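Take a look at the structures listed below.
Each of the next two complexes has subunit A plus one other chain: subunit B in the first, subunit C in the second.
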Partner chain A sequence: MKIDPIHQFNIEPIITLGQIGKHTIAITNSTVYMFVAVGIIGLLMLASGRQLIPGRMQSIAEISYEFVASTIRSTAGPEGMKFFPLIFSLFMFICISNLVGIVPYTFTVSSHIIVTAALALLVFFTVLIYGVYKNGLKFFSIFMPKGVPGYILPLVMFIEILSFLLRPVSHSVRLFANMLAGHIALKVFAGFVGMLGVSLGAIGWIGGVMPLALTVALTALELLVAFLQAYVFAILTCIYLNDAIHPGH
Partner chain B sequence: MARGFQLSSELIAGVVVGAAIGWGFDKLLSTSPFGLIVFFLLGFVAGVVNVVRSARMTPGNR
Partner chain C sequence: MASDAKGQKTGAHTEADGGHHGGGFPPFESTYFASQLLSLAIAFVALYIIVSRFALPKVGGVIEARANAIEGDLAQAQKLKDESDTALKAYEAELAAARSRAQAIGNETREKLNASAEAERKALEEKLAGKLADAEKQIAATRTTAMGNVRSIAADAVGAIVQRLTGAAPDAAAVTKAVDASLKG
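After this line comes the complex of A and B, so read on.
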């Protein structure tokens, strides 16, 4: 039995639309799962009804609204609610696509760094452009921490600028690495079941219970990680936006 | 594991980006290897700053 834990991340074109330059433009499995995630979110938000006593679907929709709204209010203040649509979309997209990815035989959109990097760069440029638009040059005072003696200020400023530039990198790598490593670990442990059974026969199949149990436990962990990473992405977006809204804090 | 990734990604991002900037700096101004050395260390420092910050403010610690 051959096990390739990386195979699940392959991108395969399903419908080829044409070419721009030498680059093929195609609807891939990644695109399809992005549409699936957006479709689920749309269904959850639009088809859940507006009763006074909420049903199950409406409860989920309302809880997710309240959750994101309270996260924004507590980290970026009431002014942060201006960015509610952005943060809510990011949170729901990442959360749903991660959760869809846990279902066996599906593709995890956020396990590709290009997807997470695009989302992180979107946040980075939103912070930068909004910060400069709202505060003008005062925005750059976030690079000058207060109470630093003058002779060391250039060095500190340089480190602050560098750490600002690092944000999109760590923001995207965190989500991508978590999803990638989780899915590889899951695949490897699930593969042990088959490998034991094939190589050792009956004893192997009995021994395979242990990796199987571990796979079940890891799936539960992945469920937590899928939600937690979406939450971390959203809360970091709020923290970064807080810099743009109130620089000098 | 999630938390470990969170903090290590900060540090790795710092070192990698610092080294990349340093390498680009050297390439443009042909000051090799001083740009790489300086920016690598600065990137490391910025990475550590980010690790400390994210350890202080992300939800896992509250």
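After this line comes the complex of A and C, so read on.
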């Protein structure tokens, strides 16, 4: 038997809707899992109770709310709360779709560079447009750090502008690569169990305990990574938005 | 068994969409980029609307209501505590006042009783002194009478003794004189 660790990332069209240029527009497994994530978030946030003493579901909803809110307040200040819905949506969308993706046979939305790039560009343009709208040309003072001697200022500015432009790249590739690599590693180790069993028989099945244990451990690690990458994405969004809100810093 | 099922699934799947991607790396396959972007846009906008219109106001409202309830309860508790504090203070003041009043009443009563007792004692003492004086007078009178009697008895006795001794009755006046002299001495 052959185990293909890449197969899990295939986009499978379910209903093909049409063609725009050479691009196929279709409802794919990716679409389904995006809406699964949206549905879970909606259910979690809206179907949870309103008790004074919260139950489990309500606790999760409130902890997510306060977690994101405190992240924004600590990194972008109280003015950052304007972007609370955006950052909350980003965090929850990434976190839930990552967590759903760990379930075997599911699809991980954020393992596709096009998705993470779209989200990173959304953040990038939000920062750029809001920064210019709120501060005018003063926004571009983020490229001129204070206290830098004049003769190296052009070099520093060049580096600052380059790093600003590269933000969406690092922002999106970090998430994409983490999810991709994690899922490939999981699949490879899980595949060893079956391969050993099929090719070596009884000895193989016994030997398969090792990669199975490793798969369990990796799954735990992936759970952490799923949450952590969503958090990293959200906190970086906050830090970038902080530039737009307080360009003087 | 599970891996067998997966293997079959892989096979079926490769047949089904073999035309779309020629075994390239799926995350970089651009065939469905537009499709994914469109789905993401719709899903994310829907999520944003759900989150900003319904989810966050609802959860935020619940959290705020809880904070308000806690704050209200704390304020209520503080109010009650203040009330009990003032009540305690009032009680203590009242108690102190009552105690001092009681002490004053006690002192007054004690003084009054002392005074009346003193007066009674004085009256009694006076009465007793009067009675004592009367008694002394009576004793003196009785003594005088008794002494008078003693004189006559003594005189008689002297007369009788002298008569017995001498055989002759003595002169009454001389006996009386001698008895008087002896009584005086």
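A few remarks follow.
Heads up, the rule we're going with is that the second predicted complex is superposed on the first by the 249 of 249 C-alpha atoms of A that agree within 3 Å, B and C clash if a C-alpha of one lies under 4 Å from a C-alpha of the other, contacts with A are read in each partner's own complex, and residues count from 1 in each chain.
The rule is short, and it goes like this: a contact is a pair of C-beta atoms (placed from the backbone, for glycine too) under 8 Å apart; a residue touches a chain by one contact, two chains touch by 3 or more.
Since this is a predicted model, take the numbers as computed values, not measurements.
When the two structures are aligned on the shared chain, A:Q229 is found in touch with subunit B, with no touch to subunit C. Greater residue coverage of subunit A by touch, when subunit B is weighed against subunit C, goes to C.
By the touch criterion stated above, A:A118 is placed in contact with subunit C alone, subunit B being left untouched. When the two complexes are overlaid on their common chain A, residue A:S89 makes contact with subunit C while staying clear of subunit B. When both complexes are overlaid on chain A, the residue A:L241 reaches neither subunit B nor subunit C. Legend: residue contacts after superposition of the two complexes on their common chain; A:L165 is shown touching subunit B, with no touch to subunit C. In the superposition on chain A, no contact is made by A:I72 with either subunit B or subunit C. Of the residues of subunit A, not a single one touches subunit B in one of the two structures and subunit C in the other.
By the touch criterion given at the top, residues 2-4, 6-7, 10, 13, 16-17, 20-21, 25-41, 43-44, 46-48, 50-52, 54-56, 58-63, 65-66, 69 of subunit C touch subunit A in their complex. Residues 1-2, 5-6, 9-10, 12-14, 16-18, 21, 42-43, 45-47, 49-50, 53-54, 57-59 of subunit B are the ones touching subunit A in the complex. Looking at the complex, you find that subunit A touches subunit C at residues 1-4, 6-7, 9-13, 20-21, 23-28, 30-31, 34-35, 37-38, 41-42, 45-46, 48, 50, 52, 54, 58, 61-62, 65-66, 84-86, 88-89, 92-93, 109, 111-115, 118-119, 122, 176, 180, 191, 193-194, 197-198.
Taken together, the subunit A residues at the contact with subunit B in this complex read 158-160, 162-163, 165-167, 169-170, 173-174, 177-178, 181-182, 221, 224-225, 228-229, 231-232, 235-236, 239.
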